[in-house]
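All chains are identified by letter, namely A, B, C and D, in their written order; residue positions are counted from 1 within each chain.
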Amino acid sequence: MNPAAVDLRVRLGRLELEHPLVDASGTFDLVETARRSRGDYVAAFPYAAYVPKTVTLDAREGGPPPRVTETPCGMINAIGLENPGVAAFLEGLSTIVGLRRPVIVSVGGNATQEYADVVRRVETALGEGARRFPDVAGYELNVSCPNVPGGLAIGVDPQLTAEVTRAARAATGRLLLVKLTPNVTDVRPVARAAVEAGADGLSLVNTFRAMVLDRSSLRPFLGNSTGGLSGPAIKPIALRMVAEVAEALPGVPLVGMGGIMTGVDALEFIACGATAVAVGMANFTGLEAPRRILDGLRAECAARGFARVTDARGVALARGA
Amino acid sequence: MNPAAVDLRVRLGRLELEHPLVDASGTFDLVETARRSRGDYVAAFPYAAYVPKTVTLDAREGGPPPRVTETPCGMINAIGLENPGVAAFLEGLSTIVGLRRPVIVSVGGNATQEYADVVRRVETALGEGARRFPDVAGYELNVSCPNVPGGLAIGVDPQLTAEVTRAARAATGRLLLVKLTPNVTDVRPVARAAVEAGADGLSLVNTFRAMVLDRSSLRPFLGNSTGGLSGPAIKPIALRMVAEVAEALPGVPLVGMGGIMTGVDALEFIACGATAVAVGMANFTGLEAPRRILDGLRAECAARGFARVTDARGVALARGA
Amino acid sequence: MTAAARSPHPRRARPERGEQWAETSRCRVVAARRFGAFTALELLAPEIAAVAWPGQFVMVKVPGSGFLLRRPFSVFTARGDRLGLLIEARGPGSERLADAQVGEALDLAGPLGAGFPLEGVRTALLVGGGIGCAPLQMLTDALAGRGVPVMAAFGFRDGRQARVAAAFDIERLWVATEDGSVGRPGMVSDLLAALDAPPSATVFCCGPAAMIAAVQRWAAGAGLRGYASLEAHMACGVGACHGCVVATKRGALRVCSEGPVFALDEVVIP
Amino acid sequence: MTAAARSPHPRRARPERGEQWAETSRCRVVAARRFGAFTALELLAPEIAAVAWPGQFVMVKVPGSGFLLRRPFSVFTARGDRLGLLIEARGPGSERLADAQVGEALDLAGPLGAGFPLEGVRTALLVGGGIGCAPLQMLTDALAGRGVPVMAAFGFRDGRQARVAAAFDIERLWVATEDGSVGRPGMVSDLLAALDAPPSATVFCCGPAAMIAAVQRWAAGAGLRGYASLEAHMACGVGACHGCVVATKRGALRVCSEGPVFALDEVVIP
């Protein structure tokens, strides 16, 4: 089968995507990339939708350095949600008004109410002048921000997750995704709570809480002591979680991620029930990563006789998704 | 500092160990090794204590093949607790009566009562003829066996874990360790429950529930669909969990494990608060692995000026362990 | 220092079905020859070569940091101090090994596994499919040493694979290819009917599951006894982890320690 | 096809402080020379060499499957179509790169970062510690092209490190070693007092944090302005991930995009 003939289009809830690949929040900054790259990078944006770094109501300084390093087949990060706050975020967004792809705004917060506040601020800006911005198609609620006593996240608690989701749902009619944390005993109750509270779909997984030591001092390497593990190392756990949620909540669109470096990796998440997939750490291997993964996905579909990428969805599951 | 001068002895509860390295349950079979190796492998056993594969009351067939494969910087297994049952286990144990190191029997079970039954069977055998066996110094309760509805393990539930521990505690006066599963939102409540129910120490971590697909069929590769991830890929998560438990339960002896391949890796777990460390996947890289790791640990202690390996314990923690 | 260097051992006669040694040794590649899709490596491995038994295998460490588990490879030849391996690149690890350069040292553990029983064999019919032919050269050598007549039938996918026949030194060797480019067109099982194997023959086969199932059916029909060498994904290679079990009529058995050779009629192909 | 092949671009004049390009290109190693603890690699990299600015860096992909994140290396030289890197093996990745063979192709992204400002510099005092001397050769070349006089002071741990001085083409170069084996015994900061830098001099420094702090104090005392090039662990190298921030008086700034060069007096060494 001719790879060029493979139909890569997918439907993420109400959203039509040209292909299943989006960037994972926090790993690709189109505003920065456009600023520093030759050619019209905004027009040439390789992903089917743009998920910027998580934005909070007010600016956040983030954690103390060092913030990143490599681990066996992965990396750890403790950026600590550094971001310029929603107002500056909207300024930046307006510089890529020419983007021909939808934007899914990743929203963070400490208090459960903060999420809805950010959503409202974006809705207000869009209401006042949508033509100043690219097409904001929806939101992804990053419920991995620590909140619960002991440093755990909102996303470990089905009830808190439902609260955050409900408030955001009330603030927007656009696509609403909730991004699940993998640091839980069972991801399904949280997934179910988010969907019952109004989420249109779910993204998973965020990073795994982890720790790296400085090899000479044996003290925690990261300024923040612990951080989030991502990359190929976690792929087998991420695949298991995506498959679990796909089986527990058939029909709910999922954005799968965790260690996607190649087209086969992307296809594996789709086989486990994902509608779309997000590329995180691979962005750090070079700007050509998304194209390479997309070309790989197309070739892998063709080699296996999938005329539509949606034909591969759920083939790894006990019953289709 | 001269590596040979480093004092590697540690005290795991009431147990004196010559050095901190033990084998991780299920990854080293001394009975088999002795049978197939030249020389007196029982006398030359490289670990400070022998932890055999988990044994259950009755023989278990284990899961359907395939059961293992490599993953990025790790491996996945779904052995499914195959074992010949406690009676045959004791027969095997008697063939290595010449072992000069203590044995820590790893115990599994489905019902919470099964653990205590296995412990009692071992105690009875020892009572009837301790000289037929090597020195059985204690037990490690493997609470990762699926039990809870939905395929979760006893070890995800503090109460079930306490129940299992209490029953086993009543059945033996020997060292009692509980081996924690990492597939939990917060490992500390389970750790605390085990200690309050009578555990002398804790081992962590067991494997992470994960999934690997067959690259050509895109169906789950393992016969059992999901399996347990181990190896260097998980080391940063395992280190975080060991540090968390060490900080939450100071003074409780911990056996740390997860991806230890080198002396530095072992030292890192000790820096995170472990008293002893277990070597799992590394055993599959070659029979010389334990010696290599032990020599590395000694050299790394010397290079950092730790005259005693215990001087390194907890140096990565907010306060010492 | 390698384990081998630590514990030198005298040359001994090969015990029936072979001893299993988990010790590792570093072995220099002294020759590497391509045969179509396969590469024949010759290694200087006096200790393993001295005691290897036909049907045994070695666990090879793939050089480079990207590989953790060792890869199992059958003993292709064991002549003097030389150990031969025949490698098909089927994934990143075997690809790297197929690219091994003369002079490079590989880390081998073995020989491992229970090899082919040779006691009482009067005539031998060897059946190999694809890379499954690898253990059959050493078997031929051992049978020849005992004066046992050998007939062999190898099946390959295509002409490129079939070029490996040139790496073998078996007098009566028939070849089939699925694409018909070399030898008889079709599967190796089609060859079997055409060979008139004497009823006293013992069948030794190694290859893909489907081939083993076909040989099993044919041998049962022809009333021949025999052995099959099986593959399984392995972790330890020494019977410790129970990762490599296959279904047999005696229950799930470990390919690495209770196999890789099993009685042909006890094998259960799923 | 590399990104560079997709979008060929004309040679352009170097813009002030350099443009930042995230595109990757495969660059052949044309020379590799050892200088004690360091290796100087020369790469055929016409596109990067044409536009690189002193103080910029490239993100290099370490060959082999064991490495995922790229490693940052300063532009050591950019002469014609050749790009020079100076590499100290400090871990597995830099070790592998220091072992790069002539003929091997490396995957580079860059040039990246904001380099040293050269506008208005009348005399330059370059201060390098250990591998921190790497960006100072290209800086010297650029300053020489503008007719700016250059003095340089390099500090090394020992004689083995100091051998890298031979890789430099700087007329007025003083060296200090901590073990006293070469040049003045002591730290590079001890050298500074001895040099009588004119009050109009601009200080350019790169090296370990402790050295930068010492230079900062000395320059403040001497009333000299200057710049420091900093290191940080990086993921993206292009300002996207905020992984590489360092503390400055203007808050946490990204070494990869807002640096690696910062005003000497705004740097906050923890």
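One rule holds for everything that comes next: contacts are C-beta pairs under 8 Å (C-beta built on N, C-alpha and C of every residue); 3 or more make two chains touch, one makes a residue touch a chain.
Fair warning: this is a prediction, and the values are worked out from it, not measured in the lab.
The fewest steps needed to get from subunit B to subunit D, moving only between touching chains, is 2.
Contact with subunit A and subunit B alike is made by no chain in this entry. With respect to subunit A, maximal separation of chain centres occurs for C (centres as means of Cα atoms).
With centres taken as mean Cα positions, subunit C sits 47 Å from subunit A.
Chain centres here are Cα averages; for subunit C and subunit D they lie 55 Å apart. As a whole-number value, the distance joining the C-alpha centres of subunit A and subunit D reads 35 Å. Within subunit C, no positions touching two or more other chains are listed.
The set of subunit A residues that touch two or more partner chains comprises 73-74, 231-232.
Taken as a contact graph, with one node per protein chain and an edge wherever two chains touch, the assembly forms a single closed ring in which every chain touches exactly two others. Under the contact rule defined at the top, the touching pairs of chains are A-B, A-D, B-C, C-D. Of all residues in subunit B, those touching subunit C in their complex are 26-29, 32-33, 36-39, 53, 61-62, 65-70, 73-75, 77, 79, 82, 231-232, 281, 283-288.
Listing the residues of subunit D that touch subunit C in their complex gives 64-66, 92.
Residue ranges on subunit C touching subunit B, taken from their complex, read 2-3, 7, 9, 19-24, 61, 67-70, 107, 109, 232-247, 251-252, 257.
Chain contact summary for the complex, subunit B toward subunit A: residues 71-74, 76, 150, 152, 156, 183-186, 188, 208-213, 215-216, 218-220, 225-226, 229, 231-237, 239-240, 243, 259, 264, 267-268, 271-272, 304, 312, 315-316, 318.
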